[in-house]
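Two complexes are shown next, each including subunit A; its partner changes from subunit B in the first to subunit C in the second.
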Partner chain A sequence: MSEATAKRHMGLRASRAVSNTFIHVLLIVISIIWLIPFVCIVLQSFRVENTGPVGYIIPHQWGTDNYTRLFQTDFPRWYTNTFIAALVTAVLQTVIVLCMSYTLSRFRFKMRQPLMRFMLILGMFPGMLTMIILYRVLKDLGLTQANAVPGLILVYVASSGMGYYVSKGFFDTIPMSLDEAARVDGATRAKILYKIILPLSKPIVIYTVLTAFMGPWGDYVFARYIAFGTSAGKNVAVGLYDWLNKDQISNSYTMFCAGGVLVALPVTILFLFLQKYYVEGVTGGAVKG
Partner chain B sequence: MASVKLTDVKKVYDNKVTAVHDFNLEIQDKEFIVFVGPSGCGKSTTLRMIAGLEDISGGTLEIDGQVVNDLQPKDRDIAMVFQNYALYPHMTVYDNIAFSLRLKKVPEDEVYERVTNAAQILGITEYLTRKPRALSGGQRQRVAIGRAMVRNAKVFLMDEPLSNLDAKLRNQMRAEIIQLRQKLETTFIYVTHDQTEAMTLGDRIVIMRDGIIEQVGTPQEVFDTPVNLFVAGFIGSPQMNFLKASLIRTGDSFSVSLLGVNLALNPDQNEVLTRKGIGSQEVILGIRPEHTAVLFEPDQNAIECTIDVYEMMGSELHLHLTDQNSDRIIVRLPTIDLTREQRQHLSFGNRLFISFPAKVMHLFDPETEKSLIDG
Partner chain C sequence: MKKFLALLLTAVMALSVCLTASAESLAGTYDITVWVAENAVSLTEKQIKDFNESNTDGIVFNATIEAVSESEAATQMITDVEAGGDIFCFAQDQFARLVQANALAKLGTKAAEAVIAANDAGTVAAATSGDTLYAYPLTADNGYFMYYDKSVIPEEDVDSLEKLIADCEANQKYFAFEQQTSAWYLASFFFATGCKSDWKTDDEGNFISVNDTFDSPAGLIAVKGMKKLVDSPFHLSSGSVNEFNSGAAVVVSGTWDYTAAKEILGDNLGATDLPSFEVDGKEYHLGSFNGCKLLGVKPQVDAVKAAVLHRLAQYLTGEKAQMERFEALAWGPSNVVDQASEAVQANPGLAALIAQAPYSVPQGQIHGSWWDIAKVIAEDVKNAKDEAGLQQALDNYYDKIASLFKLDTSALLFVGAWNGWNNADDTDTYYLKDGSVTLEVPQSDYMGGRIVTPGSWDSDKGFLQVTTGKELIQDLGDDVGDNNIVFLAPGNYTVTWDGAAITIAAN
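Now for the complex of A and B:
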C-alpha cells in the first residue's frame, strides 16, 4: 500500500468515526428527551411525602402507598373495562381485518376496485365527525354510561374492515400460486387462509393484534362521552384524567402517576416481546416478506 | 387415469379479450399430451381451465366422461405442478407432500407410507425434514412433483415445470419425467414453450398460437408434415428456412423454380398438388437445416450461396448462408465426413452450393400460409 492510499484510508476511517460519534450522541440526546416523561411518571408514582404535583423529580420519601391507594378507588373497575374492551376489540378487529385483507388480495369481484376506493375516501374523514350521531345511536341501544364497554367495543370494531391496507399489502407479496396449489391439493378458501397465508404472515398478524389492542387501550375521546357521567363505565384514560381536575389534583396526582405506570406495563411487555414482528409488519407491505 | 375431453372450450376475460378460441381436443387415458406455443398463446390458460383455476367461458370440459366445468379444483381429482414450484415455505418437505393427504383425512401411517414412497422414487428422502428454502431448484421441483404424485390423481398437470431450471438440470429432469411417466401410468398434460421438451416428452403435441390450435399430432407428424408456416417454423431447431420460389405446373407434374434452378417434385407430391387443383403460383419453400445437401462444387441443381456465419457445435456445423436473393439460409452439416480441404474452405465469404431432395421440401401458400402438400 502506497503512502498516499494509506493516508486516504486513515482519512476515511477518521471521518467515519466522527460521523458515527455524532450520530450516536444525537441518538442518545433524543432518547433522553424521549424518556424523561416516562422516568418522571415512574419516580412520582413512588413519592409518598406529598400527593400533589411538586417542583422536583426525585422523591424525598419512597413507598408504594400510591399503588395501594389506587386499588381502593374505582381504578380496578376502569382497568378491567379497558382491558375487556381492548381484548375483545383486538380479537374481533384482527379477524375482520385479516379476512377483509385476504378477500381484497385474493378474490376478483365486480365492485372490488370501487369498494377499495370508497373505503379510502371514507377513511379520510376524521372519526370524530360521527361522534354525535354515534352517541344518539348507542344511547337508544342502551349502550352508554354504565354499559359503555359493549358500546365502545361496537364503535371500535364497526369500522375495522377499513384498516386492511397494511395486511393486504403483505398478502399481495405471497405468491398466488401457493393458493392455487392448495386449492388443487383440496383446501377450501378458509383452510388456505388459516393453514397457508396466516402462518406466512406472522408479523402482520401480530402487528394487527397490537394496533387493534392499542387503539382502545389508549382511547380517550370516545370513551369520555360514551361513559358520560358515570364512574362504572369509564376506561383508564378517562378515569385517570379526571383525577387531574382542580379539586382532586392535590390528593390524586401521585396516584395518577401510579395508574399511568400500570397502564403502560402490559403494553411495554407486549412490545418488548413482539417488537421484532411489529417492525417487520410495519415494513412488510413495502418489502417482500 | 382418465381421459380428458375439451369441446369448444373458450376463455374470454372480463376485458373482452379472448385468450382461447373454441378448443377441441380428446386426450386418451394414460396419454402424455404437450401444449406448446409462444408466450401468450393460451396454453397455460387452457391448462388452468382444466385444473379449475380459471372459469371456463364456454364449451364443456369432461374428465372421465363427467362434465366438470363447475367443479372446484379439489373436486376434479387432478394434481398440478407449477412453474415456480409453489411449495409451502413454512412447511417441511414431508409436510408439503403430505398436505393434500392430510386434508383428505388419510390415516397418518398411510400418509407416512405414501410420502416416503414418493420421496424414494424421486430421491429426496434425505431432505424430508428440510424447509423448501434449504433446497436447490432441482430438489424443489422434485418435491413439487412428489406433492402431485402422492395424490394418485386422475390427471397430472404440469405448467412449464422445467423453465426455472438451468439447461443441464432441465435435461436431467426431462429424462426423469419420462421415467416417472412410465412408473405412474396416468394421463399427463404438460405445458411448455420449449419445442425440444414438447418433442421429447409428448405422445402428441398440441401447437397453439393466439388461442387457436394450429396442429395436433405426434412429434414425428408435426415435424415431418407441418400444416402451416407457423408450425413449420416453430418445430425444429434451428428453425426451418423459408425461401420465396415459384411453383411451375407442366401437365400433371410440378417443379419449384428458385434462383434459376428447377427442382422437380416427386410423384406423391405431384399427385397431391394435382388433386388439390393447384396451378403455377408463387410459393414459400421450406427446408429444414438438416435436410440441405452441401456441395463444394457447382451443380445444375444447386444454389450458390456465400458463408456469413460459421458456428462450430462439435459434432456438426451450423452455417448461416446468403443466397443471391439475400435470403438467409441455415444449414446443419455433420463434421465427421468433412475432409481437411473442405473444412478449410468453410470460412466467412467463401462460396458453397446447396441442393435439396424433393421429399424434404415443404411448400406453403404465401397468402394463406397453409401447406400445399402436407396435412
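Now for the complex of A and C:
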C-alpha cells in the first residue's frame, strides 16, 4: 500500500467517524428532548416531600406514598373501567374488522364497490359530531354516568367496521390461489379465514388488536361526556385530569403522575413484546402484491 | 261477612289517610345525588348522616356523593341538568350560567329570609339574581391575600409594593401574582384606585347592564401601578404557593393554599393583606375580589322532594355545618356567627383575608366574557411603552366590554359625563338592555351626556326615544361635542329603557 492511499484511507475513516459522532450526538439530543417528559413524570411520581407541582425534577425525598395513596382513591375503579372497555373493544373490534376486511377482499358481490365508497365518505365525518345525539340515545338506554362502560364499548365498537382499509390491503396481498386450492380441498369460506388467511396475517391481526385497544385506553372526550358527574363511570383519562383542577392540584399532582405511570405501563409492555409485528403491520398493508 | 270486610277495609283506609295527613308529609326515604369538592366528600357524608338522625320529620336521605370540582360544576351541570346532582356546590362565578340554564331552584320566601339573616351580605348578593335568591352561601373565603417568605422579606416592607419588588429583585426571588393569566387577580389594581365593574342581572340571570369605570383617570393610575409589577423581571404570573419551591418570595393566593404554603415554608411563612403602591406621591392599597362558594338545589319535578332537598340545603349551609367545615377543611364560613367565633378569627389564613376585607369588593354577578376580556389588560400594559400605550390598553378593554352589549341592537348605550367630558372624574358608562339605572347628576357647570342606541353613535336617537321626562332634559342634537342631552337641574334620575322607549324620572 502506498503512502498516499493509506492517507486517503485514513481521511475517509476519519470523516466517517466525524459524521457518525455528529449523527449520534444529534440523536442523543433528540432522544433526551423526547424522553424528558416521561422521565419527569416517573420521577415526580416518586416525590413524597410535596404533593403539588414544583420547580425541580429530582425529588428531594423518594418514596412510594403516591402509589399507596392512589389505591385509596377511586383510581382502581377507573383503571378497571378503562381496562374492561379497552379489552372488550379490542376483541370485538378485531373480530369485526377482520371479518369485514376478509369479506371485502375475497367476496365479489353486488354493491361491493359502492359500499366501500360509502364507508369512505362516512368515515370523513368526524365522530365528535355525533356526540350529543349519542349521549341522548345512551341516556335513554340507561348507559350513561355510572353505567358508562357498556355505553362506551357500544360507541367504540359501533363504527369499527369502517376501519377495514389496512387489513383489507394486507389480505389483498395473499394470493387468491391459496383460497382456491383450499376450496378445491373442500374448505368453507370461514375455514379459509381461520386456517389460511389469519395465520398468514399475524402482524395485521396484532396491529388491529393494538389500535383497537389504544383507542378506548386513551379516550377523553367521549368518556368525559358520557360519564359526567359520576366517579363510578369515569375512565383513567377523565379521572386523572380532574385531579389537575385548581382546588385539587396541590394535593393530587404527584398522584396524577403516579397514575400516569400506571396507565403507561400495560401499553408499554404490550408494545415491547409486539413491536416486531406492529411495524410489519403498519407497513404491510401498504404493499400490494 | 262481606259487609264486615268492606267496613274493615274502609276503616283501614280512613285510618291510613288520617295517619299520613297527621304525620309530617315530608317523611320518607329519598335517593339523591350530591356533588361536592373531592376533599369534602367524607365530611358531607357525615353531615347528611347527622341530618338523617337529627331531623324529627322522618326524612331519610340515601345520598350518593360524587366528587365534582366546584370550579367545574356549571360545565358538568349544563351538560345534562336532568342527570346532574340534586344538590351541588359551585364557585360563585358560575352562578349566572346556572340560573340561565334553569339548573337552580329558587329559594322559598322563608328560606330566603333565613339565609339573608344568617349570612354575610356579600355572599347573599352572589347568590341573588334580580331580586331572587337562587342558592345558599356555603363559604366566604374565595378571596386572595399575600403569602411571603419571612426569611427574604423584612416585616417592615410588606406594606409597600415597590419595596417588595425591590426585595425580590435584590434577592433574585420571584414575586408571584397572577396578572396576564387571570382577571380575578388583575382587578386588584383597579379596585385599589376605586374603579368598579358592576354588572346587573335580571330574575332570569340575563345580564342587563354594566357600570364599568376601568377606562378612566383612576384606571390609568391603576395600570401605572400594575406596570411596576409586570415590568419587573422577577414578576411571575402565577397564583400557586408551590412557587415557593421554585424560588418565589411572595405569592398572592388564597386560604385554599394555606396548608400547602405552611408545609413548604414552615415558620418562615407570613400571611398578610396586600401591599400598597404609589403613583404621583399617593398611596393606593391593593384591593381584591371577595368571593364565595355556593350550594344549589336542582329544580325538581316532585314538589315533596324539592321541599326536603331545600331542608337539607339549609342544614348543610347552616351555622353548625359551616363550623364543621371550617374545623375539618379550614373553609372560611359565610355564616356571620361562625365568622365572629374565636377559632375562625385565629386562623392565620383567614386572619389575613379579614385584614384584606376592608379593601375587598364583593364579587357580584359578572358576565362570563369579562374574565377573558379583562385578562388582556396586563399583557397590553406590559407591552405599553408610555402613558399613551397604557391608555390604549384601557381603551381596548372598554371597546370589548361595549361590544358585549352592542351586539344586541335592542340595547341602549348610555354614556354620561354628567359633569363634562374633559374633567371627567366621574365618567359613567351604562349599557342598558331592558332595565333601568340611577344617575347621579351633581351640580356643575355642565350636566351633559350622551344617549345613543349602539351602532348609531352619530344620530340623535337618544333624545327622540325619550317618551316621558322630556322636560327634565334639553336636546342638544349633534351640535355640541360629544353630548346630545343635558340635564336641566342636578339630582338623582332614574332612566328606564324597555327596548323601544326611554323614560326619565326625577327621584
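Heads up, the rule we're going with is that the second predicted complex is superposed on the first by the 264 of 289 C-alpha atoms of A that agree within 3 Å, B and C clash if a C-alpha of one lies under 4 Å from a C-alpha of the other, contacts with A are read in each partner's own complex, and residues count from 1 in each chain.
By our rule, a contact is a pair of C-beta atoms (placed from the backbone, for glycine too) under 8 Å apart; a residue touches a chain by one contact, two chains touch by 3 or more.
Values in this document were obtained by computation on a predicted structure and should not be read as measured data.
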Subunit B and subunit C placed together on subunit A: clash or fit? fit
Winner on subunit A touched-residue count between subunit B and subunit C: chain C
Rounded to the nearest 10, the angle in degrees at the CA centre of subunit A toward subunit B and subunit C equals 150
### Message
Let me test your reading of the model: by the given contact rule, A:18 touches which partner, first (subunit B), second (subunit C), both or neither?
### Response
neither
**OP:** Examine A:247 and indicate which partner it touches, taking first as subunit B and second as subunit C; both and neither are also allowed.
**Re:** second
In the superposed arrangement, which partner chain does A:52 touch: subunit B (first), subunit C (second), both, or neither?
second
- Have a look at where A:145 lands relative to subunit B and subunit C in the superposition and call it first, second, both or neither. second
Thinking of the overlay built on chain A, is A:30 touched by subunit B (first), by subunit C (second), by both, or by neither? neither
Message: Per the contact definition in the header, classify A:178: touching subunit B only (first), subunit C only (second), both, or neither.
response: first
So, A:191: does it touch subunit B (first), subunit C (second), both, or neither? first
Smallest inter-chain Cα gap (subunit B/subunit C, superposed on A) in whole Å equals 53
The residues of subunit C that touch subunit A in their complex are 33, 35, 37-39, 66-72, 76-77, 79-80, 83-85, 240-243, 245-247, 256-257, 260, 263-264
Per the touch rule, the subunit B residues reaching subunit A in their complex are 51-53, 72-74, 78-80, 82-84, 86-90, 99-100, 103-104, 147, 151
Subunit C partner, complex, touching residues on subunit A are 50, 52-56, 135, 139, 144-145, 225, 228-231, 242, 245-251
Subunit A residues touching subunit B in their complex are 175, 177-178, 180-188, 191, 196, 199-200
